[in-house]
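Below you'll find the structure I mean.
Every chain is named by a letter (A, B, C, D and E) in the order it is written, and numbering of its residues begins at 1.
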Amino acid sequence: MEDQIVRITSRLVTPFIQVYGIYVILHGHLSPGGGFSGGAIFGASLVLVALSFNLEVGAKQISHTTASVLESGGALGFVVTGLVGVAVGANFLANRGAGFPLGEAGELFSAGAIFIITAFLGVKVASTIVTLFYNIIEGEEKSGDAH
Amino acid sequence: MEMLIKIAHNYYYMVAILLFVIGMHTMLTHSNLIKKVIAMNIMDTSVFLMFVATGYTYGGAAPIVTAPANEVLYVNPLPGSLMLTGIVVAVSITAYALSLVVKIYRYYGTVDYDEICLIRSRE
Amino acid sequence: MDEATAITVILVVIFFPIIMTPILMSVSDRSEKLRDILAVVTSAITFLLVLTLYPFVVRGGIVQHTFFEILPNLEISIRLDVLSFSLTAIASFIWLLSTIYSIDYMAKEHGGSRYYPVLMFTLGSCLGIFLAGDFFTLFVFFELMSLISYILVVHEETEEALKAGYKYLVMTIIGGLALFFGIIITFELGGTVSFGVGSIIEEGTLIAFLAFMCFLIGFGMKAGMFPLHVWLPDAHPVAPSPASALLSGVMLKTGAYGLFRVIFNAFSIEVMQTNNWDIVLGVLAVITILLGSAVALTQNDLKRRLAYSSVGMMGYVLLGLSVLNENAIIGAVFHIFCHAIMKSCLFLAAGAIIWKTGKRTISELGSIGREMPFTMACFSIAALAMIGIPPLSGFLSKWTLGLGALDANATFYVIVLLISSLLNALYYLPIIVPAFFEMVGDEEQGHALKLSVQDVPPKMLAPMIILAIFTVIFGLSPINVPFDLSQMTSDFLLKGGWF
Amino acid sequence: MTEVLTEVLNALLLLFLIVCAIAVAQIRDMLSAVIVFASFGLIMAIVWQQLSSPDVAMVEAALGTGVTTLLLIAAISKTRRAE
Amino acid sequence: MELTNHFPALILAILLGISFLSPILYRWARKASAPALIASLFLALVMAVYLLVQVLQVGEFTYYMGGWPPPWGIEFKVNLLRVYMLLIVLAVSLWIMVYALKDLEHELKTEVMGWYYTLYALVVGSMAGMALTNDLFNLFVLMEICAISACAIISIKEDRACLEASFKYLILSAMGTGCFLLGVAMIYMVTGQMNYDLVNAALPEAVELYPNNMFAAAALFIVAFGTKAALFPLHVWLPDAHASAPSPSSAMLSGLVIKIYAFALFIMFYQLFPRSLLESIPLNEIVLWLSSMGIMFGSIFAMVQVDLKKMLAYSSIGQIGYVFLGIGLDDIIAMTGGFYHLLVHAIMKSMLFMCAGIIIYTTGIRQIKQLGGIGQVLPITMIAFTIGSASMIGIPGTGGLISKWYLALGALEIGRPIFVVIILASSLLNAVYYMPIIVNAFMQQEQFQHQVKPVPRKMLIPLIVGMAAIIFFGVFSRPAIVLLDEALALFF
């Protein structure tokens, strides 16, 4: 896609989308949204860049390797957060029982482990979407060589 | 007539099942692999619709606690939150299926299942 | 000998040959001679150990011992009574002779390093069948023996052997499954399958009849009963001759033995007779006798003719089992002894002829008696016993069977016996008579005379001669151990057959 | 009055869903089918909003419609467009 | 609280953790990644054994994720049957992984190995979760995870047959999960619960009020689990998928993955649905006839195959039928047989696929015709193949006989000997297609003229373990049977 308008628009819009994605992730416990939707919004912004420019520019934003490492890291973080509960003697994935500060309801930093888990989830989902996209698109160079 | 009234009362469910059947029919009868993937999504989404409809209470508000202890009729939040997971799962299956389709295309030069079978039988 | 010793001996008898199998396998790479000796020693020791049980059994001793339960009420157990002893003794005896015979016979053939271990393993599992204490253990050893003996059947590895072997294998598995089905029904109806409890099923319901039919298929398959005999005439001739002798002489008897156990331990004589199941057996027996004998007439291959003759002869045993009175059972058990001895002798002799001259078809065997007088003498004695010429053992068994049939007022059976004897004569005499009396052509006469002094080596000849002597002795001698054992078995079985 | 209108709107949305689903099955140009599918997803998001499940609606709009459509378009650009 | 109380969750956490750790480990500490996976599988197995001990001592107990009791939280339930399933899953997958270490080097590119470990751990983890979970939606999520990762361990080889088979599997299994979720929606609609026990408590009343809903849910469940477990008319994806996958994946898929869905269907029938529902609709009867047809047709299709792995795959269709037969006969004895067969078949089919893998590894042969005389060059492999086939046929002394014994006994118990005939007929058919392979392998020794690589010891050791296991379960079947009796008594 070599369209100037698309390029400029996407370049302009991308930071806003990303900020919105982060907002949705961080406010997951307060309002609609959360790790899944926020992560998807964030990931989609990265895919948008890659689609409107080309793969090299997209890859500069987040490389394939980084994406897969982030992906594993996000999921591991989730498991580790869950294990904190076990470590301090409550159940797996325990929240209050594991001693996470709950804060005031309605505040940004409240709901204890949910907050942390949502953040990890956001990272995981965003990076997964990028990975999936690259997985599908990757055939380009290889098949391009073949033809 | 009674039947019609019954249906009218449950129209969300009826539509969901209709969509499910359309999706499944498309998925199983069309030979285009990408079409199959889209149809799979339609099928999944219809199930989600069904679920969300079960959680709906007539006139209920969205389950967001804005102020403590006021007596608002909320809809059941559980099906909705479960469907979040469902949607994510559906998207990941879609993504995986599409990457398979692209790879299949690289090998066979087609995404039509009938043609693939033809190519395989010729070997 | 007390019961504990007897249990030990039984265990050794079953497992000693099986344990020797890997040893034989490893030895055969180093020294073929050592392997041969070891095989003979193994079977000799087994035979002698079996003989040590004789006094215990004659005193009326019975062993029924459970080792462990594989499933609730389904156990692995052993049993020794006079019926098992009779079959164990004759089996290990024939096995010993056959192994001795194999030494020279197999020296010419390939694959001895496979043959002997398999032979010993089969011995162990075969004795396991006879000494099993319940149907499940019997079934385990039965399948083990049937599957392992497949290797003996296809030993030659010719196209024909593989084909026959495949047929054998499929039929064996069908039989095994039918047996399994029968055992399951018995277990379901009676809650146990042990031999130590008398008759397990006491009512002849439809489902019990199903069990009986399954047993009949399973064991009848092995015994070569019509219409399940089809594998037998293919499988027995293609094996090496000592193995054929064992297949026909011993392994067929496992089927007959199984039927004994079915009739006396799973059911009872009353169940058999009140529900007319004995007639089913009788009809099948008559067809088997007549068909086996008649088809044997048409065969031109020596070993195939012998194999068909085996089908007919097993019919006698079935006949005895369908009549179910004292004399008939004596006759059936005694016929098992006789047939084992005679048929092994015949197969060993046939093997000797093939080994020496390479001739298999009967029409080529004219004047063979001049080339191989001793072999043919043994063959003739055994064949005459088969026909039922009076002083020989075959006559005694047929006579007793006939008496049993008359006791049961079944004159028809006597006529069948006579017809079959006639048929036997018709297919054995054309082998014997030309072998000794046919005049060979002028130009070949010198050739024949030149060969006339050469017979097979003593290690092959001795087993045949021993068997021929036994054929004569058991017909004439006043001290007739097999006949006594048969009488004891008959008494024992008619008293209920368990304790 | 508004309630009746809402009901009518809901019914129309559902009708539209069915039409979209059938259209997806019938359209032979894959890119168009994907676009129709995207509109299907968006309508679905509105339906969920009507059913008072805003979070599901949001996820559907972002993931079910946004990302899925992106991926489908990527896949079609790698393969061929006609069915 | 003791650490041991968390074992149900920890098993899952360990497997999920290692699955995400594997790619990282593989990138930076390549040598450590395979031992780490094996160590964590082993650790999970040890925990499962501990759970067994605990269950035997205190009986059934539950675990709440995050400390939330149902209906809010996800409940894990630990009882004998579930632990039995869990043990099979973990033990067999550990065993297959040991074999896979060497085989994968040959079948996969090095850069995807780390991902293979990830997917493998995910499959095992999701199956372990399915064995333990007591929540319908949780089951759905785990089913999807299992389906995606199972497809991925097929397609990871990236040759054309694998990709196509994997896609077919993915689509049909998506249909299966779709049906399952719709069924769950039907149940949720009338009960408002997701937890098995709560649903079970609410259902009798709901069945009275909305019978159609329940019929639909039951039918959808049969279709869903039938597709996933390759119950007869829904088996079309299985042969391609299992035959084209790398051998360890085939062993895994045929040995375990299809079983877990049979187990799930059992749980649906006997824990979720009230007894009155099973009595009012002939669900068992449907499963019974479908499984009987599967038993027969699976064997018949297997007879005409020319490809070794494809034959084994078709044979799986027949064998899974035995497990469903146990469910269909609706009798505790038959069920014991079915579940025992689940164990035995997991071992024997995995072992047969391993043998096939070794044959392909050393000689490259896939066609049955070319196997003549291979027993000479690969004696241990072919002996293992023989023992595996013997168990398939049901030769005494092998585990296959015991399960058939119980199934047949159960069929007689409820007075339907026709199914005994079906079992026996299929045993015969099994013999017809397994025997020629063995016979040719050992007999026609001069025919074999292929190049043969030496067999690595790492591949032979699992085979020997497998042979020992098959014979062990054929001879010392008592403990497992007693355990199963006790486990199943909870459901009757």
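Please note the rule applied: a contact is a pair of C-beta atoms (placed from the backbone, for glycine too) under 8 Å apart; a residue touches a chain by one contact, two chains touch by 3 or more.
All figures in this text were calculated on a predicted structure; none of them were measured in a lab.
Engineer: Listed by label, which chains are in contact with chain D and with chain E?
Structural biologist: Output, common partners of chain D and chain E: A, B.
Engineer: Strictly by the touch rule at the top, which chains does chain C share as contacts with chain D?
Structural biologist: Expected: no chain.
Engineer: Taking chain D out of the count, group the remaining chains by whether they are connected through touching.
Structural biologist: one piece
Engineer: B-D versus A-B: which interface comes out with more C-beta contact pairs?
Structural biologist: So, comparing the two chain pairs, more contacts are at B-D.
Engineer: By C-alpha centroid distance to the whole-protein centroid, which chain wins?
Structural biologist: That would be chain E.
Engineer: Provide the C-alpha centroid distance between chain A and chain D, rounded to the nearest whole angstrom.
Structural biologist: Here the centre of chain D sits 24 Å away from the centre of chain A.
Engineer: Averaging only over C-alpha atoms, locate the centres of chain A and chain E and give their separation in whole Å.
Structural biologist: One centre to the other, that is 35 Å.
Engineer: When the C-alpha atoms of chain C and chain E are each averaged to a single point, how far apart are the two points in Å?
Structural biologist: Between these chains, centre-to-centre, one finds 45 Å.
Engineer: Averaging only over C-alpha atoms, locate the centres of chain B and chain C and give their separation in whole Å.
Structural biologist: Using C-alpha averages as centres, the distance is 70 Å.
Engineer: So which bits of chain B are touching at least two other chains?
Structural biologist: 23, 62, 64, 79, 84-85, 87-88, 91-92, 95-96, 98-99, 101-103, 105
Engineer: Send over the residues of chain E in touch with two or more other chains.
Structural biologist: none
Engineer: Which chains touch which?
Structural biologist: A-B, A-D, A-E, B-D, B-E, C-E
Engineer: Where on chain A does chain B make contact in their complex?
Structural biologist: Of all residues in chain A, those touching chain B are 31-32, 34, 36-37, 40, 105, 125, 128-129, 132-133, 135-136, 139, 142-143, 146.
Engineer: Which positions of chain E touch chain A when the two form their complex?
Structural biologist: Those residues of chain E that touch chain A are 1, 3, 6, 9-10, 13, 16-17, 20-21, 23-24, 27, 63-67.
Engineer: Would you tell me which residues of chain A are touching chain D in their complex?
Structural biologist: 24, 32-34, 36-37, 40-41, 43-44, 47-48, 51, 129, 132-133, 136-137, 139-140, 143
Engineer: Note which residues of chain E are touching chain B in the complex, please.
Structural biologist: 137, 140-141, 144-145, 147-148, 151-152, 155, 158, 160, 163-164, 166-167, 170-171, 174-175, 178, 181-182, 185, 188-189, 192, 194
Engineer: If you look only at chain B, which of its residues touch chain D in the complex?
Structural biologist: 11-12, 15, 18-19, 22-23, 25-26, 30, 32, 34-35, 37-39, 41-42, 45, 48-49, 52-53, 55-57, 60-64, 75, 79-81, 83-84, 87-88, 90-91, 94-95, 98-99, 101-102, 105, 110-112
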